[in-house]
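So, here come the structures, one by one.
Same chain, two partners: chain A is paired with chain B first, then with chain C.
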Partner chain A sequence: MMFCRELKKIIWGIPYLLFVVVLTLALFSQGVLEFDTEGSVSKPEPGGNYGTKNEEIPELIMPAALQSLYAEFQQNEYRTYPIGFIKTVKLNDKEQAEIAEIISRITGIDTEKLYGENENSYTAGEFSIQIDGDGSLQPDGNGGFTISMDDAAAINSMQEEPLDLTVRANLSYSEFRELMQRADDLLGGGSDYAADALIGFGTVPVTYEEALERYELMKTRDHVTGGYARLFSDYAVAMALSILPVFLAVIMDMKDRSCKMAELIYTRKASGIKIIFTRYFALLTAVMLPIILLSYLSNAGIWGMYQGMDLDYFAPLKYDLGWIMPSAMIAIALGMCLTELTNTPLAIAVQGLWWFVDINMGIKSVASSYSLFRLAPRHNAGTNTYFRTQDFIDNFPRLITNRLLFAGLSILLVIVTIVIFEANRKGQINGNHKLKKALANFRNRKDQSPA
Partner chain B sequence: MPILEIAKINLRHNSVLSIAVCAAILIMTPILYGTANLDAASSAAPLEMFVSFIGIVLLTPVFGPEQNQETSDLVSSKYIGTTTIYLVRIVCAMILLFAMTGLFCIFMRLQKCDVTLLLFFGTAANAVFLGSLGMITAALTDNTVIAYMIPLVYYALNYGMGGKLGNYFLFSMRVADFQPKMWLFPTGILLLVLSLIVKRLKQKLL
Partner chain C sequence: MEPSIQIQHLNKFYGKKQALCDVNLTIGLGMFGLLGRNGAGKTTLMKTLATLLQKKSGTVTICGIPVENEKEIRRIIGYLPQEFSMYPTMNVIEAMDYLAILSGLSKRERKERTDLLLEKVNLTEHRYQKVKALSGGMKRRLGIAQALLNDPKVLIVDEPTAGLDPEERIRFRNLLSDAAEERIVILSTHIVGDIEATCENIAILDNGKVLYQGTVDDLLAAACGKVFTKVTDRAELPKLKNELFITGMHTQGKSVHVRFIADNAAPGADACEPNIEDAYMLYLKQNGTKLSAFAAEEIGGALS
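Moving on to the complex of A and B:
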């Protein structure tokens, strides 16, 4: 009964209406509410182009990464992605020397030679001419300049061969990874040279047999609909459900206080456990209802394209509850807990910051990421990669661990909320009373006259 | 000077938390992104993505204190009108916004970043636009929490939709496109004025 009243209170309000509108807009903007029906997955035909994949093949990775690092070293412009967007890093002389040392250790070429090659280089587009040694620049009398060089210097320069930039034969892949990681550390992280990002240099084409295997896996394990449901969940968690529920939680909690209902609730017979858990589950239900509806709306759109196949009609529900719900749970729990504790919208700042850091720090791992503390796990794979079902199967245990951790954490936060609620009820904490008192003391001290 | 007194009291009673959150954002920015030796395009990223946030923090809660009915009644009973109080708060928030953005730009300059005046104004334009989105929402809904939601969601939309947002794309300076700022700033000011009108109309009607 109390649950129904709470649910009704949440649903019949402008905040909830806005929540649903914003949720729908966010998902629509990502194109997962209406999947492209022309891009349906079909059985691969021999002789086609099946795209590319990344593999940890040292023979491929080492020369490609080395060439890239050397090219960036020459320009002293290194591309990194610390928070999603590109950041061009320029190193100081000391750091450049360390990069030169790393290249030298990989290639066996002396650092002086690396620098020599660097200084002689001319970069198109920069419009700069570097003249070494015996070169001279003379006015030609017509408003122009003539560049002349000493014959010997010119001959030497012409005879100088380009560097043979190859990886030392006796350098192991693990040593190479360590050196590259050092380069990444020097760049402040987020570069392609980080040990776990080196695989990006190992691009190989997908063979027909592999494409066929991926297709079969998608049919038998994902039952097609699972792949689409996963893509929907990927966007739903990252773009909406890791942040939006906190607003509803904070609004509901603060509403009690602004309507002067908090004190009335405190006097009720119902226990804190019952009141807080009822509100928590009412909020969770209200948040999950539109997401379940939208996930089915999105998934049902492709059912017609795969007639005759063994589809899993429960796939959206499974992903909603298993993948999306734990993120919504933690956002609601944090919102309730911090609002009960401070009686301010502080939870929005905290959750907002967490969400912001999570989606940005992990932008390089958007393709797939299931690390333990990831608020929004990622598996951004569509029809062109047959939803990368094998990748998902391989990481499934990690995903389960992550989701269970978040579900557990949120329950723990709800328990903490109950403790705070009971303390408030007894007048031991009284919302942000202590914070207000501290601020008041600070103001009073400032207001006191020196006399 | 009653106006100065209002500004002083407002700063002391309503803005302390906002200023603290802004300071936290500005302190965290170099930690998360790294703000040394950046070219103009790379400098734009922390400014547009992090510093712009202070607009939401400073401008959105302008109507906040009057959400409490008792405070609202008390303020309405005074000789100086509520709109004047709002105006004083807006001016204070704008001064803080420009000062904090300016200070951060100076800090980046000291760290040998290519921060230009254009980048400074572009960042301020973003901040004003996001903040005014919050203000108009607060004026329409009388709910500061919802008012925080709308600019945050708009910010998130910029990730998903990017350039599709046209002249209202927040992260354009990264590709040296300053055209959107010419739209964002006037629109921000317009929304700000509109929110004041909405508040006034609501007061008259109720």
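Moving on to the complex of A and C:
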């Protein structure tokens, strides 16, 4: 009964309405309600194009990564993604010399030659022409110029042999990875040369056999709907459920004090365990209800495209509860805990920062990322990759560990919230002079700081 | 056994500031008034009894249960805080039901108690009205109703009539008197009229110390022969304010009827029957509370 009252209290409010609207817009913008427009996955036919994949093949990776590094070295413009957004890094002379040293150790070419090639080069960004001998530049009367040369052989610098950029035969792949990692460190991290990012240079076409295997996996393991549900979960966790629930939790928790209800609740018979856990599960239910609805709206749209196939109609629910819910759990728990402690919206800032860093740190690994501490695990695979089921299966234990860790952490935070609630109830925190003063100072600083 | 509250050597600090200083009180069945100025420690004492604050030292038992046993204490108390409100978007019935659930009442009990109490506080007609749409007086009546949901043995009511119009104040006092027939009701207030109308036993609290505990009659008896009235010209009023400890006055044309406390009658003054306000002011004065004539006038205004 208490659960129903709490749920009703949450649902019949403007904050919840806003939550649902923002959630729907966020997911709608990612196209999760239009999966059917991508077309259905059909059994691959021999002789077709099945797309590409990345594999850790040293013979492919080493020359491609070397060429890329050398090209960026020549221009002294390196692309990195340190916190998600692209950042062009320019190195100073000393750092450039270290990159030259790295390329030299990979290729065996003298660093001076690397610099020589660099100086004589011309690029779209910094075009230059060197004219030796007795050449002259004459206006042609049409707004252009005519170059006349007495000695055509004078353009010798432009006809120099390009450097033979090949990886030394006796360089091992592990040594290569170490050197590339050094280059990444010099660039401040987030480059394509990081040891775990080098696989991006190993692009190979998917074979017919592999495509067929992918298709069969999608059919037998994902029952088709699983792939779509996974894609929905990927967007839902990253774009909404790792951040939006904290707003709801903070607003609902602050409401007790703003509505002067806290003391009325504190003096009731109900235990802190009952009150906090009921509120937690009511918030979680309120957050998950629209997600479950949207996931089914998204998934049901493709059911008609796979008539006659063995579809898993529970796939959206499984992914909602297994993949999405732990992220919502942690956002709600953190919101409740910090709000109970400080009676400020501090939790929004903390969760917001965590979400921002998590999303952007992993922007290069959007395709798939199941790191143990990722707030929003990623598996951004659509129909063109047949949902990369094998990749998911391989990483499934890690995903489960991650999700269990977050669910466990959230329960731990709820327990901490109960302890804080009981302390508040007895005036041990709010009645504590020093802590009260510290919190008041914190709030005052916040109020006085310029918006 | 008749319910009672025993407070012995109670001390409470906020940091270095002592909010309650060796408080000793015995409170029995019926209405008990706790009178004191703003900042006297009334709310701290009320919150300590309501398990919302922890004491530094001393013993407090409510109906034989030590106040440290919060779980049991919460079963037997009802509390109406100084700043009372509820979730504004809930209607009266929903708000009552929500708090009844937190009080651990069954579905049947919730319905019975809510209907009965709303009837008692005359809010049955407004049962489906949103809390935010209630007037100040209605909100306070709702406050009493919610505090009685669990049929408590002790009702703790902190400054309940501040800001109410005279009609609502009288209605509220009557409600408290009804509630006090079968339980302990502790009424904290700085409005003497509330005490005068409802309480037989009172305590005066000042700077965290109990200055007086006893009956209203005894308090009044102590003030006999020390309260006087004098009719004077308005022009003389500033001079009198400096000389006398004025507790009340009212103007009639060019003359002013002044009521004051003194050990001996001033020239032209007549002795009169003390009221509780006079007695209270005398008590504060006798106990060394710094009250200038001007301050007394201010307090008197707040108290009347």
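Observations, loosely collected:
Basically, the second predicted complex is superposed on the first by the 393 of 451 C-alpha atoms of A that agree within 3 Å, B and C clash if a C-alpha of one lies under 4 Å from a C-alpha of the other, contacts with A are read in each partner's own complex, and residues count from 1 in each chain.
Definition applied: a contact is a pair of C-beta atoms (placed from the backbone, for glycine too) under 8 Å apart; a residue touches a chain by one contact, two chains touch by 3 or more.
Because the structure is a prediction, the values reported are computed rather than measured.
For the composite obtained by overlaying on chain A, chain B and chain C can both be accommodated side by side without a clash.
When the two complexes are overlaid on their common chain A, residue A:Ala211 makes contact with neither chain B nor chain C. Contact with neither chain B nor chain C is seen for A:Val32 once the two complexes are overlaid on the shared chain. Seen from the Cα centre of chain A, chain B and chain C lie 50° apart once the structures are superposed, a value rounded to the nearest 10. In the superposition on chain A, A:Pro15 contacts chain B only, with no contact to chain C. After overlaying the two complexes on the shared chain, residue contacts for A:Lys426 are found with chain C alone; chain B is out of touch. A count of residues in chain A touched by chain B and by chain C gives the higher number to B. The least CA distance from chain B to chain C in the superposed model is 10 Å. Under the contact criterion defined above, no residue of chain A touches both chain B in one complex and chain C in the other. Contact residues of chain B toward chain A in the complex are 12-13, 16-17, 21, 28, 32-34, 37-39, 41-42, 45, 49, 67-68, 141, 143-146, 148-150, 152-153, 156-157, 159-161, 171, 174. Looking at the complex, you find that chain A touches chain B at residues 14-15, 18, 22, 25-26, 29-30, 82-92, 188, 239, 243-244, 247, 250-251, 254, 258, 344-345, 348-349, 352-353, 357, 359-361, 439, 443, 446. On chain C, the positions that touch chain A within their shared complex are 13-15, 17, 47, 50-54, 70-71, 74-75, 77-79, 81, 83-90, 94, 97-99, 101-104, 107, 146, 150.
Contact residues of chain A toward chain C in the complex are 1-2, 5, 9, 12-13, 255, 259-261, 263-271, 275, 425-428, 431, 433-434, 437.
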